[in-house]
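Next come two complexes built around chain A: one with chain B, the other with chain C.
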Partner chain A sequence: MSEMWHADPGDIARYTTDTIDATRAVSIEAHLVTCARCREQVAGVADRTRLDAAWVEIVDTVESPRPTVVEWVLRRMGVRADTARLLAATPSLQASWLMAVIVALGFATLAAQSGTERGLAVFLIVAPLLPVAGVAAAFGRELDPTWEITAAAPGGGFRLLLVRASAVFATTLAVAAIACLALPTLSWTTAAWVLPALALTLASLALSTFTSPERASVAVAVTWVVAVLASAQETRDLLSAFGSSGQLALAIVAFVSAVLVAQRRDSFEIRSRL
Partner chain B sequence: MATVDERSDPDLLRALAVDDRSALAELYRRHSPWLLARLSRRCADPDLVDQALQDTFVAVWRKPGSYKASGEVAAWLWGIGIRRLIDQVRRRPAALHQLDPWDASSPSAEEQVLLGVQHGDLAGALDRLSPELRAVVQATVLDGLTTREAGRLLGIPAGTVKTRMMRAKPLLREGLT
Partner chain C sequence: MSTTVTLSGVEKSYGHTRAVDGVDLFAERGVTGLLGPNGAGKTTLMRMLATVLAPDAGHLRLLGDDPREPGGRLSIRRRLGYVPQEPGYHRNFTAFEFVDYVAILKEMTDRRARHDEVRRVLGLVGLTEVSGKKIKALSGGMRRRVALAQALLGHPELLILDEPTAGLDPEQRLRFREVVSAVTTDATVVLATHQTEDVSALCQRVVVMHEGSVRYDGSTRGLADGARGRVWLAADRHPSARLSWRTGDGRHRNIGEAPPGAELVEPTIEDGYLLLVGEGARRDAA
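Here is the complex of A and B:
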């Protein structure tokens, strides 16, 4: 039937200029969906400059690289475009990295599931190390594919460090917090890794003002594991390092490291990184 | 355009899957004018309409595979277009948006024939509705939107869409019998 009937050209003109009555507009709209010939009629009276301008925008969008999922989510959350791009380019915010974090936490959670102190100790030792590794990967010359660009970007070293480190720390913390829910007992001990995580991350940042981020993080990780085991040996209690004196010590480490990072912030700028 | 592109709409969509930019240009040439006209009748802000039109073709370029190889490509495009417009309206709630005012004049004899044959006296039935009820009928029945989408487009709560639709139904039924 639509092959037989076609919209009146005058009606089509009135339709595009919005001077047609509503019921007739409805019938034209229903017809346009099925009739290429009448669609061409609309094209004949359409606003060409407006359509051409929109086409330029479309080509522009299609040709520019697609924002990644991370960047899109950040933009939606109201993060500025340039900051979103910087964060999205962080190696330790990529899906592959997050997967690795989830797997590592998965094993630690499985160990803790056994319900023994040893299992819980494994979880508490591993969880704080994940943000340390993440932050190191966010700055490492080895791991960051955009390292040269980042290093050469003007005036951004310390700001970039803060933005990226907080983002990595927050994401890892969120994943670890979810893992916590899978632990057999929900007591204060399951959250005992939060302060260590902060302290170790800050310590590795402070240390990376002296050496490369990779070396700093490895040094911090080794020191951490040795310290926990030594404390366990000494007191014959596997979890002693997570007790109140241990937490106090870590709080001091966190504070001193933060001060050190702020003092030596210049070392994150380009001159000292090349 | 010097040569006429003979490919059918579904063919063009298949060409998009292998990143054929000329296929997008041809789809835009064929479908952007009526989409622009129809979207403009749903929203008074030309900036939002332009943005929705652009978003529609960018979405088509990125996901041509979401077309299910049956039915009119035009209908599929409209489905994308109106939803992109709703996205725009929702993102800028302060922007003025309103449905086109329905002309309350009585339908002509020509229309009675056109619409009356298949649908009973639809034109008359629609004209007897208040503008608020007609807007809801247009968004849900004719544009195929869900209650929630219609609410966003018209700037009213979904519950209001439902109650207006419930009020419109018996009036329409009355007009069609």
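Here is the complex of A and C:
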């Protein structure tokens, strides 16, 4: 049986002041686990302030919130940790919501894969509606359980709305863009949903300054579907709403809505109705 | 003493229903209780005090600022703590994560300082031991304390508490009173409740609301005194009593116009409150 060795007092003093080399530090740490006498020596010479600081560091590391998948991805993309946390709590950036978006787009893509004009029209009608629903869910009272606490916080107003809406819009746009790759043909028409997506989302936000986000998104969605079908009926062309005149009209809608949102931003800060 | 909350002629309607009807109110450092039955307009008023809801008419001044002005509103929110009547939670967050999330919303950007503050407020409400537990695993009373903890972040100068003791057991309510008492040396607290015990225990001043308007505004003692000479004990319910109930010793406590020779008793805040709001409070109690 080997005799128990003890650390050199000089090494212990250097260990407690962090002036020892790494190899010796590791060796002493391993030894301290099994040697009560050396632990006592360390306790006798260790600087209490340093120990307390180290303990606070350990507690903070243990208690610190674990980043969610969304948070982890956002931080990898360079988003600040606190902003990533606010975004990760957005209802429409939760896995369940993103799955619903993928499923909806999956069905629309399947329809489009038939190669018919009708199938493509289904995709082009559905794709712009997903960010509308996502943005409404990002700050609507029905889906955000903390809306009231958020509304009374200094960081919970228009700025948070913009950050969340941009993140949801970009995420949904990215998923829809990937879905586009599964369409039978890649032409300008397959990207004809992008401007409608922006216009409808902004229109929904603008309408949210008058009513609840949920009602606004439903109103915009219904108007959109009716307008596309009416245009198809009028011109006997299912995709007519996505042509150049339709895109121009949507660009105007987007511009007017953006101006309205900017002008009425105060209604996102303090509500006149619930 | 400085007046930190001033309301004059505040009105709010939902459709044809007037929830708050021309309320004038002030509150200063200490605890002001807002008593009233369900539907009295307390929550609507609290939402306006928390800068969540704008009034249709009238003026509010909170901590010296006007919540209608963007700059003033931001300044108020930076010094405000709010517990809504039904505080929602991200149920998958732990208590620590949730309070940390609200701390970010309260612009606490320095991670270390923020975490220290989160630990402080969780300690104040006695949740240190369960700070790592998911909110969905906490009892209703503990969740209420999480809501209170987030409101205490950053030492608010104005604390708006809407029914904070709902669902708390007696021990938890005592703990709540201790916490609120501790913070009121520096803050103005407006506490909406229909628990007269909370008002007796905590409030220097009480405002009674009924059907959207203020029915009483004064000291807690004054509210009780309003029922002096109108509370008596009898073997049965007396016909002239507006409210009457059988007490633990089998006798009836009657409130109303006391008959000659009635055995009058010392009134409580509850007696005064019941006389003011009558049937509304009785429906609430039922």
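Note that the second predicted complex is superposed on the first by the 210 of 274 C-alpha atoms of A that agree within 3 Å, B and C clash if a C-alpha of one lies under 4 Å from a C-alpha of the other, contacts with A are read in each partner's own complex, and residues count from 1 in each chain.
The criterion applied here is as follows: a residue touches a chain if its C-beta (ideal position, glycine included) is under 8 Å from a C-beta of that chain, and two chains touch if they have at least 3 such contacts.
Just so you know, these numbers come straight off a predicted model, no measurement behind them.
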Touching partner for A:D18 - first (chain B), second (chain C), both, neither: first
Which of chain B and chain C A:V33 touches, first, second, both or neither: first
Which superposed partner A:V42 touches (first chain B, second chain C, both, neither): first
Chain B versus chain C as contact partner of A:R85, first or second or both or neither: second
First, second, both or neither for A:E234, with chain B first and chain C second: neither
Which superposed partner A:L51 touches (first chain B, second chain C, both, neither): first
Chain B and chain C contact sites that coincide on chain A, given as residue numbers: none
Chain A-touching residues of chain C, taken from the complex the two chains share: 14, 47, 50-54, 56, 67-68, 70, 73-74, 77-78, 80, 82, 84, 86-91, 93-94, 96-97, 100-102, 104-107, 109, 111-112, 115, 119, 131-132, 147, 150, 160
Touching residues (chain side chain A, partner chain C) in the complex: 60, 63-65, 81-82, 85-86, 89, 144-156, 160, 266, 269-274
Sites on chain A touched by chain B in the complex: 15-16, 18, 20-27, 29-30, 32-34, 36, 39-40, 42-43, 46-47, 50-51, 53-55, 57-58, 61-62, 66
Touch list for chain B against partner chain A, complex: 21, 24-25, 28-34, 36-38, 40-41, 46, 50, 53-54, 57-58, 61-62, 72, 74-75, 78, 100, 102-103, 105, 107, 111, 114-115, 122-123, 126-127, 134, 138, 142
